[in-house]
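Order of writing sets the labels: A, B, C, D, E, F and G. Residues in every chain begin at 1.
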Amino acid sequence: MNTLILKTTSRFLFTLLLLLSVFLLLRGHNEPGGGFIGALVAVGAYALFALAHGLTAARKLLPLPPLRLVGWGLLVALLSALVAFFLNKPLMTGVWFSLLGVKVGTPVIFDIGVYLTVFGALLSAIFGLEETADRTPEEAP
Amino acid sequence: MRAFVYNVVLTVFWMLVTESFTLSNFLVGFALCFLILLLARPLFDAPSRRYFTLAWKLPRFGALMLWEIVLSSLRVAQAVLSPRLSIKPGFIAYPLTVKSDLEITLLANLITLTPGTLSLDVSTDRKVLYVHGMFVDDPQAVIQSTHDSLEKAVLEVTR
Amino acid sequence: MSFLEGALLALTLTLPFAVYRLVKGPTLPDRVVGLDLITSVAVAMAALYALLSGQTAFLDVAIALALFAFLATLGLARYIEYRGHKGD
Amino acid sequence: MSWLIVLPLLIPLTTGILCLVLGSRSAQRVLGLVGALGLLAAALALLSQVNQRGIQAVQVGNWPAPFGITFAADHLSALMVLVSGVVAVVVALYALAEGDTPREQQGYYALSHLLLFGVNGAFLTGDLFNLYVWFEVLLLSSFVLMILGGSKAQLAGGVKYFAVSLLSSILFLVAVGLLYGATGALNMADLATRVGSLAPGLRDGLAMLFLGAFGLKAAVFPFFFWLPASYPAPPVIISALFAGLLTKVGVYALLRVFTLLFTQDTAFTHTVILWVAGLTLLLGVLLALAQGELRRLLSFQLVSHIGYMLMGLGILTPLGLTGSVFYALNHMIVIAALFLLAGLLERLQGTTVLVRMGGLYQSHPWLAVLFLLPAFSLAGLPPFSGFWAKFTLVAAGLQAGQYAIVAVALLVGLLTLLSMGLVFAEAFWKNPPRPLAGTPTPPGLGVPVALLALLALGLGLWAEPLLALSQRAAQELLEPSRYIEAVLGVSR
Amino acid sequence: MILAVTSAFLGALLAPLVYRWLGQLAGWGLALLPLGLTVYFASLLPTVVAGETVRHSAAWVPTLSVNFSFYLDGLSLLFALLITGIGTFIVIYTGGYLKGHPDLGRFYMTILLFMASMLGLVLADNIVTLFVMWELTSLTSYLLIGFNHTEFRSRRAATQALFVTAGGGLALLAGLVLLAGMGGSWEISELLAKGEVLRAHPWYLGALVLVLVGAFTKSAQFPFHFWLPNAMEAPTPVSAYLHSATMVKAGVYLLARLQPALGGTEVWSSTLMAFGLATLLTGATLTFRHTDLKRLLAYSTVAALGALVFAIGLVPLTSYYGAVGFATFLLAHSLYKGGLFMAAGAVDHEAGTRDINQLSGLFRVMPITGVAVGLSALSLAGLPPVLGFIGKEVLYLAALQAAPAWIIGLAVLGFAVGATLALILTVPFFRGQPPTGVHEGPPSLWLGPVVLAGLGLLVGLFPGLYNPLADAVASAVKGAPTSYHLKLWPGFNPALLLSLLTVAVGVGLYFVYPRLQAWMAQDPLPGPENAYVALLRGLLRLAARLEQTLQSGSLRAYLVWVFAGLSGLVGLALWRGGPFRWPGETSALSPAQLVLVALMLLGGLLVLRLRSHLAMVVVAGIVGAGVALLFLLQNAPDLSITQFLVETLTAILIALVLLQIRNIGEVPRGRWLDKLVALLFGGLVTVLMLGMLSEPIELHLTQFFAEKSLPEGFGRNIVNVILVDFRGLDTFGEITVVGLAGLGVYALLKRLRREEKP
Amino acid sequence: METWMALLVGGLSAVGVYLMLRPHLIQFLIGFLVLGNAANLLIFTSGRLGSAFPPLVQPDGTVLAPYANPLPQALILTAIVIGFALAAFGIVLFFRAEQVLKTLNAEAMPERLEAAPAPSPVDEVREERA
Amino acid sequence: MIELLVYALVALGIFFLLVAAIGVVRMPDLYNRMHATSKAGTLGVGLILVAVAVFYQELSVAARALSALAFIILTAPVAAHALGRASYLSGVKPCEDTYIDELAGHYQKNHKLESVDKTTPSSPTES
């Protein structure tokens, strides 16, 4: 939709939504939220931006093609699950350590994997459909 | 903008010192740091100082907005709840004086939230804002009052 | 029933109006307006429930909803813009 | 030690992820084969472990059962995993030989390994909800594999496959929810100790719900119609993968659930299973007789023979379950071989419509042998693997006094033979009605088919090892306490 | 013995290599395999004749108590000698008959595989081993009948033979498994000792019927005889070997083998005699329909097989005539029929036709073959001094001892046709002018017929040569030591009279043969083959009908099947479960929640009335939003957020897709059947849910999670800790699903983009 | 009053099934979504209702009771996500099917692109026909 | 005292939401209905959010409640604009009472919007 109002607002909302998304991701272990919810909000951010500014502009705001993110997300999740191997514990056993005073555990890293995977997969769906929609000749009824 | 960056950096420092990374602590820290920066205002150059005036103007703008929303809601309530619908709806073209994207958007959104008017679209050459009004017995009066209150307020914060 | 419980019930009573518009139409945009109203009520309900339960966690529902809901409106608006509303 | 049980998941998962992350197609090819071989090796190691030390269990996340998710490998699971490894290797070889670039670009390798990830997860999990998740993993990968290429037939078949699969997912979900609500448990061993106390109506109703949910995946009557509507559509390698693995997951789940959880009122539940088995057998083979296109025909044969696996379950004796397990293992190999072979024929002749084919006995005698081995095995003729499967089932049925199902089983064997005989006569013996337009066929394509065909023969000539293992699987299934003990770690 | 069978199989598999290596001489080379085996089995003659048996066993599939075990007594030895001995000549014969055929290597392999299987069959002691071999003979026979595979008739005959014999084989399998269960053993030698147990067992009749079906189909007994003449589409070596001398005798062998265990009852003897006689007469009658040499011989084979079955039926009723008659006639028939077939093939090969009406004066150009045919025909006619005469004599003696006169009369009629056929076969050799350009074939073509005919003559002249083995065979069939002095000239007795009568009738029939032939050929009788054809046609028609109704291509129909089937099963289970338990105490929904519940139901119902697709999506949002709000009010914030987000994104996706679809089509109306099915299913879900709620739930999992979430999972949001830690594997699967969906969408859309790029 | 939930779930299931039985794929999809919602409500109810607090551990380590059963919530989250993935894939699949097959009516999508005559062991005429 | 304020805010909020709901039903056409949701609806939600902020008197809670409010104020007009514009473009007719339509005919085929010549109102006081 090519409207000035939407374009201007979406620029602002995009960052806001991304911020909210990261907020929901990182807080998820203690408060409502988590990787999946965070990813959905991030997808919403990109969907909004693509809607207002077009697909090409939205693609520029993403360092990787979305589908590649799926692979990386799964890889992060897998690695977090494998850490336990080195401690001689079963698959996916939570391993916690302190990082700069913040308690970080493999379950949290796993949640980041969830975030990346869901984000990549859904965004690839939205972008894919936007791309085909872009080519549909627009016509007034 | 530089002042804002300073403010944020100081706030992060505050959070590290207090060892609390909550939103509330951020806000407290932000407010504190702002006050400190306010004291140090003369150290900043002219464009940066706009940060401090904006810090004053923005709340005023917000308050105006809230007030307008209340007014408009009451107006709607009156219209909705009166036994006979006493509305005079219509689409009117509102000539814009504001120019930038941000200004136009702010104005349009403000118009939607204020009594009896709802922004529909901006013309492609950005000269006219088409508005749907609930009570447009006198389109020119609507235009004039909008121009006087809302557009002025917008210009105040953006320029 | 406490005041807030009553308030919650009162809030749900706005929903039938929205549902009426949603089902009645007559155009697709009208239905979207109904849906918009439901979203607003949902945000209000989340906030109210945050009061009622004493758990601010429900405020997060309100935040997420407030930011996200209008995406649906935008998506549907785009459909309406290009595909019309005839018969909807 | 505990990692061996999850290795059959981790290997395909890692392979799949690396294929996604790595862009290079040649790297993916190598990975595809290496992953499959690794899976096979892991499966062998797991089986030998289970065979030596009994049922193995691991508590994922190190949370004690029944709170976390338990993975358990008994003989049944380990055998199923092993055969999935065999099918994986064979299909990987076929894919390598075929080298279909567009398909590879759309992520074939990642998808097929993620499919295996789901399949092996389903075989090994000891948690009912977790099983649901694995079903979804393998379903979605199968959806995508089904439509890779996006031909008309694929989309039309894909829509039906997708629609019916959605249904089975929801049914499964509902069944798990109800079972949890009635017992408070999700771990299958935990459930096994609780299901008995449920009200009979609810218990059997739930049993039927599971029969429906898994029966849809296993493609049994009256839930099988989606399979012949969709399996002939995708490229043959994908049909083979599906035919070998997917329905067997449903069969596995039925075997698991109807030996571990629902064994209280076998006069009802297992009689229903026998009816389902009989009708599946008969209708499947009859519909196969009506087919003039090879892959659709094979799809109906696939359906029909699922009935054999249910037959042993319905009989519920050691011999019957031995037969079921052996049949499932044998069938994975045989039907995958036949589907791959159908692909070879399609390449050679440009069609799989039987009346248009012909002349292969003359031109490709070895191909004829490769067809006859699995075809006769499918019909249950000696000395092929299918014979032992059917023989065991027939013996079990007669011993249990289930004469009707035995009669059906024998009749279906005969009709299968007729059907395969007609295929042989049409595709191999007769002269083609008009010159055939085949496409160049890479030389390596016959190798995987030959491997499977020889396996079908080898398992027929030397059935003992696999039969003995199947028998141990059956014994374990009939003694749920062993499984429960291994999972919960306490004897009850 | 195990080695013998295994080496036969291995030798067969090597045949194509040998063929490639030896070329035209391969027939002679390969004949060494059966020859060697013949010698080996002949070396066992003294042992067996002395009344001993040989048994070798190796474990095969111990799990199922299946052994690779073999057992040799008189009966199996006779068969083994026939199989390997005749096999030797057949292989040699093949080398001449199919000289230069492109598929000869394959043929050698298949026919030797057949020989090995047949050998295994007659030697097997384990029931399963026997069955495996049994089916292997069917399979190899299938490939051999279909050797001329480009002809439709060959393919049809092969399929038919396979269908009938393998079908019977399946019945046999069931019967054998029953037998093993009845006798408690998988070894035939052990079962034979338990005859009384078996006959008294309630399963006796069932097992008997199943075994008989197996044996009758294989041995082409009425009403399954039709496949055998059709099988003459095979090359002549096959006809001679499989369809006269060996395979078709497998059924006879089995009956004889099991006679001591199953025989001795009324039903055994009467059934065998009835079917044997019927087959004898059928074969005899249908002989008149043909002028083709091989067809004539095939029907005569059918008749002879009937006679053999008839004989086995007589065994328990007679002192020793039945068993000895069986032993003698069996050998005689194998010798003369094998020879005749090979000779017929030689004639066909040299003269180019098998129609007796077109053959004449052959003796002058093919004297050696002529002699062989003459001698064999004598045996066929049952005339001295050949073995056929002795065999028939003893059979008549047996019949005279145990059968009523009318049966004997019918039997004479049946045997008389043998005499007729003997005339039909020999006359073309001696009457009329020899055809030009026809001459005697190579030795490979006449060696077999000559040796076999010569053997018939030799044993006929000196029956004492065969007597010890015949006694051993008879003992095995009888199940008790039996001996009888075989004589060429038994003196004047009723049997001789019957023989004379037989020949007289036969000669008489020869003179009406042309007229009978013309009459029967123009108006073929409806027979069991018509039933077979009708059965198959019906089967295929049924299949087509089933496909139309069941596999109709309608997704809707498939789904209705699913829901209806499921509802039926669940409903049945609930109904059987007896009185329904209602949930007891439950918690209250607040009024606000009740309003939500009502609105969701209302919204769901209203969706059904809409006539626009996107409107339906939007209105269905009531349900989605209602669920989210219920989650909210039920203290599930994570769920509520997720539900809202997912509903929103779903609506966006649907809108995005519908935006791009031009002709979306009407909203179709529902049908009453759909309503019924939906209501039924919904009702059952409600009932199941009420049943679930009436069960006490144990919250041990929940308590564990609540306790461990913070101290061990380091998270305060229990739901999230479950998701990423307690049940993290679920989530792993779940994100894989999401990732796969992304891949799928990519694959679907990528293709679209590429396609539409100009 | 979980009974109400049983009625609601049953009612929504019926609606969902009815929609899934319509031949149009968009209706099928809506039916699936409704049925999925019903299934989620069912699981939710299976953990029993009547809570007053969300399943969140307070900073002091206690959980305010009666708290909502977190296990069904986690299961539903997984189910929602999976259902969403299925729906998303389905939407695009149907879209693609419409582009290629030119219809969204499942009944109009052919199961076989061509009918192939079955071979017959008894019909000798067929040979000549072919 | 605080409690009373909270209750008052909640009651007012629900009142405005009810107004919006009734408006959505009662108003004669889409454009007028949008007035109801975009104004009364926003205010209703906002009041309840403020009530939450007041009730807890914690900065973090207030921050979250007010940010939710900010989001709504930010998005509601945009949504109304998008929906109203799309509806007008797709031909949703305003009700018959509509007094004036200066937008009519200004949308072009490609959804571009022409402007009309109108004099800018004079600014009353130049600051």
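Rule of thumb we're sticking to: a contact is a pair of C-beta atoms (placed from the backbone, for glycine too) under 8 Å apart; a residue touches a chain by one contact, two chains touch by 3 or more.
What you see is a predicted model; the values in this text were computed from it and never measured.
> Going by the average position of its CA atoms, which chain sits the greatest distance from chain G?
E
> Based on mean C-alpha positions, which chain is nearest the centroid of every protein C-alpha shown?
D
> Counting C-beta pairs in contact, which chain pair has more, C-E or A-E?
Between C-E and A-E, the larger count of C-beta pairs in contact belongs to A-E.
> How many angstrom lie between the centres of chain D and chain F, each centre taken as the mean Cα position?
Computed value for the inter-centroid distance: 23 Å.
> If you average the CA atoms of chain B and of chain F, how far apart do the two points sit, in angstrom?
Comparing mean C-alpha positions, chain F is 45 Å from chain B.
> Multi-chain contacts in chain F: which residues touch at least two other chains?
20, 42, 45-48, 52-54, 56, 71, 75, 77-78, 81-82, 85-86, 88-89, 92-96, 106, 109-112, 118, 120-121, 127
> Two-or-more-chain contact residues of chain E, please, as numbers and ranges.
152, 159, 163, 540, 543-544, 551, 553, 555, 559, 635, 637-638, 641-642, 645-646, 648-649, 652-653, 656-660, 684-685, 687, 689, 692-693, 697, 699, 701, 705, 715-717, 723, 725-731, 734, 736-741, 743-746, 748-752
> For chain B, what residues touch not just one other chain but two or more?
In chain B, residues 108-109, 119, 121-122 touch at least two other chains, as defined above.
> Let me make sure I understand the interfaces: which chain pairs count as touching?
The set of touching chain pairs is A-B, A-C, A-D, A-E, A-F, A-G, B-G, C-E, C-F, C-G, D-E, D-F, E-F.
> List the residues on chain F that touch chain E in their complex, please.
1-15, 17-24, 26-27, 29-30, 33-34, 37-38, 40-42, 44-59, 61, 63, 67-71, 73-78, 80-89, 91-96, 98-99, 102-107, 109-112, 118, 120-122, 124, 127
> Which positions of chain A touch chain F when the two form their complex?
So the residues of chain A in touch with chain F come to 30-32, 36, 118, 121-122, 125, 128-129.
> In the complex of these two chains, what residues of chain B are touching chain G?
Residues of chain B touching chain G: 22-24, 27-28, 65, 69-70, 72-73, 75-77, 79-81, 85, 87-97, 108-113, 115-116, 118-125, 127-128, 130, 132, 134, 136-137, 139, 143-144, 147-148, 152.
> Residue numbers of chain E touching chain F in their complex, please.
Spelled out, the residues of chain E in touch with chain F are 152, 156, 159-160, 163, 533, 536-537, 540, 543-544, 551, 553-556, 559-560, 563, 583, 586-589, 594, 597, 600-601, 604-605, 607-608, 613, 616-617, 620, 623-624, 627, 630-631, 634-639, 642-643, 646, 649-650, 653-654, 657-658, 660-661, 663-668, 670-671, 674-675, 677-679, 681-687, 689-690, 692-693, 697, 699, 701-702, 705-706, 709-711, 715-719, 722-723, 726-727, 730-731, 734, 737-738, 740-741, 744-745, 748-749, 751-752.
> Under the stated contact criterion, what part of chain A meets chain B in this complex?
Touch list, chain A to chain B: 3-5, 7-9, 101.
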